[in-house]
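Next up, some structures in C-alpha cells.
Next come two complexes, and both contain subunit A; in the first it sits with subunit B, in the second with subunit C.
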Partner chain A sequence: MPRRRTQTLQLLMALGLALFPFFAGDYWLHTGIICLFYIMMASSWNLLAGYTGQVSFAHAAFAGVGAYVSGLAAIHFHLPPLLGALLGMAVAAFLGLLLGVLCIRMGGIYLSLTTLAFSEMLRIIIDNEYEFTRGTMGLSVPFILPVYSKTTAYFLMGAVTVAVLCVIRSIVRSDLGTAFRAVQNDETAAASLGIHVVKVRLAAFVISSTMAGLAGALYGHYHQLITPEILSLNLMFFVLAIAVIGGMGTFVGPIVGAIFLEFLSEYIRIYGQFHVLLFGLIALAVCRFAPQGLMGLWQRRMRALSS
Partner chain B sequence: MAFLEVQNVVKRFGGLVAVAGVSFEIEPGRIVGLIGPNGAGKTTLFNLIAGTFPCDEGAIRFCGEDLTRSRPYHVCRKGIARTFQIARPFHEMTCYENVVVGLIGRDGFRGETEARRRRVEELLEFVGLKDFMHTEARHLNLIQKKLLEIARALATRPKLVLLDEVLGGLNTGEILKALDLIRAIRDRFGVTILWIEHVMGALMQVVERLLVLDRGRLLCEGEPAAVVKDPRVIEAYLGEADD
Partner chain C sequence: MQDLLLYCTNGLLLGVIYALSALGVSLIVGIMNVINFSHGELYVLAGYFSALFARALGLPVLAGAGLAVAVVFLFGLLVERTLIRNTYGNDMASLIITFVLSIVLQNAYLLIFGPYPQKPPNWVDGSTRLFGLFYYGNQRLAALGAGAVVIAVLFLVVKKTWFGKTVRAVAQDREMAAMVGVNPDGVNMLSFALGCALAAAAGVILAPIFPVTPTVSVGVSLTAFIVVVLGGMGSLGGCVIGGLILGLVQNLGSAYVSSGYKHFFGFFILLLVLTVRPTGLFGRKQL
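Let's look at the complex of A and B:
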C-alpha cells in the first residue's frame, strides 16, 4: 500500500477514535473502553506467545494481580487508583519474574500447564480468602479518576493503550524483538549464536505480565468492582481467541481481533448460551480458512492485489 | 597455552559411550578435518565443545579459559561458533535478520547502526547471499541455508568455527565454490576451522591436519596424506582385511 494512503488511513482512524465518545452513546462507550482493555491484554499476550512462542495461560491471572493489588491498596491505604495501578504493575512484574524463573526452562505444553495451574490456584485463593478479598462478591473500589466520567475514562484508557502499544512496537522492532523471534524460531541455533535464551524468554514473560497487571488494574477501577472473574479462564480464553483470530505474531492482529470479537460479542449476547457456540464456530472457521488469523487473510489479499 | 585443548572428554548416553576419552589440541590458523565412520562420535564431540551437551568427564580449554561447564551462548561469546549438520536457520526471519542475531549474540543489544548494516551486508556478500538479503530463510534452498549459517556464525566474530558437514548434497561445481569459501574464512577472517566432512576428496584438498574418530576414540591424527594410508583408518572404514 502506498505510504500516503497508509498515513491518511491512520489519521482517519485516530480522528475516529478521538471523536468516538462524542457520538457513541453510554453503552457503546462502555463497550469501547472494555475493548481497549482487551487490546492491551491480547497485544501483551501476543508479545509473549506470538513472538517468543511461550503460550502462557497466566495472563488473565496477572491482570487479576494488578487489579487486586491496586484495589486493596486503595481500600486499605487510600492510595489513588493511578498510583495503585503502578503498584499493581510492579507486583505483577515480580510475580511474573517468579513464575517465569520457575517454568521458563520448560518448553511448550509444560509451560502452558504450569501457568494454567498458577492461574487457577490464584483464583481459588482469591475466591476463598473471603475476609481479605470478599470472595466472589468482589471488592468495591474507587473509580480510576477523582470524578466519575466515562468519556475521561475512555481517553485515559486510550492513552494508556496507545502507550502500551508503542512500547510493544518498539520492543518488537528492537534487537530484543529480533532475539525473541530467533528464540521462537530455533532455541538451539539462537544459543549457538550467543543468545542467552533463558534471559530472553524471561524478559518477554516479565514485560508481558507487567502490561497485564497495568491493564487489569485500570479495568478494575473502571468497573469499580473487582471480582475473581478477571482471573477466570473464561477471560483468558477470550484473550487467547482474540490473538489467534486476529493473527498471532503480528502487531495489528490482536488489535483487530479485540475490536472484532468484543463488538461481535455485544451483538450476539442476546442469543444467551448460543453465543458461546457462535464463538466456537468463528474460531473453527478462522482456523480452517485463515490459520494466520484475520491479519494473515488481509496480507494475502494485499499481496494478491499487488501482483 | 594451547588454542583449543580437548582433554580426555567422555560422553555417555545411558549405556552408550558416544565419546570415550578423546584428547587433542588444535593450533590457531589451521584448517583441521575431523573424519570417521558414521556413529564415530564426531557430532557429539562438536556438541561437547560447543556446550550443547555437558561432558561427563574430561576438560575443554580454549585460549587459556576453561569451557568444560560452559553453556552454548557463553562458548559462542568466548569465540567458538558452529554450523549444524542439518541446517538450522531462523526460518521465519530474513537472511539479514538471521545474521543480525549473530551480531546481537556477540555484542549485546546495541541497536541498528550504519556500521552494523554494512557489516551484515558484507557478510552476506561474502557467502554470496546478498541478493537474498530480505528473503525469509525458509525460501532458501539447502545450499543457501548452509551458506547463511556460515554468515551467521562469522557474525559472532569467532576465533574458531566448527563446521559440521557443509558439503553434503552439493554437486561438483558447488563443492569447488564451497572449498574456496572455506579457505577464505580462514584467510580473510583469520578463523581457525575444525571441520567434519564425509566428502573425502574435497576435504583432502583443503585440510592441513586430520583427526580420525572411531567408536568414540581418537584413532589417529596427523598429515592428511599419511593418515589416509594408516592401516587402522582403512580398517575402520572398510573393515578388517581377510588374510
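Let's look at the complex of A and C:
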C-alpha cells in the first residue's frame, strides 16, 4: 500500500477510535474497553510467541499478577490504582524474569510446560489464601479513576493501549526485533552471528509479561472486581485464539483478531458459554487451513490482486 | 504408622496411574517431539465413554472400559491425521493446535455431558484388610493391578516386539529409520494414537474412583507433564519412577501439609527439577 494511503487510513482509524465513545452507548463502550484489554494482551503475547516462537501459557497469569498486586495494594495500603498498576507491572516483570531465567535456556517445550504449571500454581494459591485474596468470591477494588466514568476509562485504556502498541512496534522494528525473528527462524544461525539467544528470549519474555501485568491491573480496576477467572486457562485461550486467528507474527494481526472476536462474541452471546466452543472451532480451523491467520489471508488476496 | 501406610498405599495407586498417563505423553514426545496438551481431555473422554457404555448400553464394565480405550485410540488416529500431521517440524504449531483442541474438547464435554461428575460402575465391590491395619477398597486394589499390568504390557511391546523396535528406531533417528524402510508417518500416527490410548487407559481405570468432570482434564495433563519432566523427556523408565515419586509426594504432602495445595507439590517438584537437573532423572544428556 502506498505510504500516503496508509497514513490516511491510520488517521481515519484514530479519529474513529477517538469519536467512538460519543456514538456508542454504555454497552458498546464497555465492549470497546474489553476489546482494548484484549488488544494489549494479544499484541504483547504475539511479541513473544509470534516473533520469538516461544509459546507462554502464563500470559493470563501475569495479567492476574498485575491485577491482584494492584488490587491488594489499593485495599491494604490505599495506593491509588494508577500507581498500583505500575507496581503490578513491576511485580509481573520481576516474576517474569525469575520464571524466564529458570526455564528459557531449556527451550520451547519446557517454557510452555513451566508457564502452564506456574499459571495453575498461582491460581491454586489465590484460591486457597482466600482470607487474603477473597478466593473465588473475588476482590472488590476501587475504580481506576477517582470519579466513575466509562468514557474517561475508555480514553485511559485507549491511551495505554496505543502506548503499548507503539512500544511493540518500535521493538519489532529495532535491532532487538530483528534478533527476535532471527532466534525464531534459526537458533544456531542466530547464535553464530553473535546473538545471545538466551538473553534475547529472556528479553522478549520479560517485556511481554510486563505488558500483560499492566493490562491486567487496568482491567481489574476497571471491572472493580478481581477474580481468579483472570488467570484461568480460558482467558489464556482467548488471548491465544485472538493472536492465532488474527495472524501471529504480524503487528496488525492481534488487533484485527481482538476486534473480530470481541464483537463476534457480543453477537453470539445468546448461545451462552458455548461461544468458547465456537471460538475454539474457529481457531482450530484457522490453525489447520490458514496458519497465517486473517492477515495471511488478506496478504495473499492483496498479492493475487496486484499480480 | 497406620495413617502413613494408608497414605503410602494411596500414593502408590495414584503413582502407578500417573506413570501410565505420563507414558502416553512421553511416547509422543520421544517419537514426534510433540507435546499433546489435550492429553487430559482424552483421559476424561475415556472416562465418559466407559460410563456411557456401561450404563446406557448395558455392556459389562470391563468390556465398556476396553471399548472406550479403543474408541479413544481411533480418535487419536483421526487427530494425528487431520490436525497434527501438517505441523511436523514446527513444535510451536503443534503446541498451539493441541492447546486449542483441549479447550474445544472441554467445552464440548460441558455441552454434551454437563458439568456434573460421572462415573462408571465399580469393577469389584467390598474391601480388603491390608497389613492387618486398615481396610482398603477392592476397586482401588483392582485399579492398582490394572495400571501395573498395562504398564508391563507397554514395556513388553516397546522393548520386545517388532513394532517397538520400529518405534525406537524412529525416535532415535527419523531419516535413518526411513532409509531402512520404516514409514515414519505411519509410526507417528500409531504412536500418537497409542499415547492417547494410554491416557484413555488411565481414565477408565481411575474413573470409578475419581468421577470425571469436564475440567479435571487440566490437572491430569499437568500431572503427566510434570512426571515427564521429572523422569526425563522421552525416557519411559523415568516416567514410571517419576510417576511413583509424584504420587507419594502428593499424598504425603496433602496429608501432612495441606490438602488444598495437593497439586502445588507437583509444581514445586517441577521447579526443583528445572533448577537442579533440567534433563530430569533419566533424561538424554543433550536436548
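To be clear about the criterion, the second predicted complex is superposed on the first by the 303 of 307 C-alpha atoms of A that agree within 3 Å, B and C clash if a C-alpha of one lies under 4 Å from a C-alpha of the other, contacts with A are read in each partner's own complex, and residues count from 1 in each chain.
What we mean here is this: a residue touches a chain if its C-beta (ideal position, glycine included) is under 8 Å from a C-beta of that chain, and two chains touch if they have at least 3 such contacts.
Note that the structure is predicted; figures quoted are calculated from it, not measured.
Novice: Tell me the contact category for A:A241 with respect to subunit B and subunit C: first, second, both or neither.
Specialist: Second partner only.
Novice: Quick check on the superposed pair: does A:G108 touch subunit B, subunit C, both, or neither? Answer first, second, both or neither.
Specialist: Touch status of A:G108: second partner only.
Novice: Can A:M302 be said to touch subunit B (first), subunit C (second), both, or neither?
Specialist: It touches nothing on subunit B or subunit C.
Novice: Spot which of subunit B and subunit C makes contact with more residues of subunit A, would you?
Specialist: More residues of subunit A are touched by C.
Novice: By the touch definition at the top of the document, which applies to A:D186: first (subunit B), second (subunit C), both, or neither?
Specialist: The first partner, subunit B, only.
Novice: Of the partners subunit B and subunit C, which touch A:V197 in the superposed model: first, second, both, neither?
Specialist: first
Novice: Tell me which partner A:S174 touches in the superposition: subunit B (first), subunit C (second), both or neither.
Specialist: first
Novice: For A:C166, is the partner it touches subunit B (first), subunit C (second), both, or none of the two (neither)?
Specialist: Neither partner.
Novice: Per the definitions at the top, what is the overlap between the subunit A residues touching subunit B and those touching subunit C?
Specialist: No residue sits in both footprints.
Novice: So in the complex, which bits of subunit A are touching subunit B?
Specialist: Touching subunit B: residues 174-176, 178-179, 181-182, 184-186, 188-197 of subunit A.
Novice: Can you name the residues of subunit B that touch subunit A in the complex?
Specialist: My answer: residues 50, 52, 71-73, 76-77, 81-82, 84, 88-93, 97, 100-102, 104-106, 109-112, 152-153, 155-156.
Novice: Quick check: in the complex, which residue numbers of subunit A touch subunit C?
Specialist: 49, 53-55, 57, 102-103, 105-110, 112-114, 116-118, 120-121, 124-125, 127-128, 233-234, 237, 240-241, 244, 273-274, 276-277, 280-281, 283-284, 287-288, 291
Novice: Where on subunit C is subunit A touching in the complex?
Specialist: 29, 33, 35, 82-83, 86, 91-93, 95-97, 99-101, 103-104, 107-108, 110-111, 218, 222, 225-226, 229, 233, 258, 260-261, 263-264, 266-267, 270-271, 274-275, 278, 287
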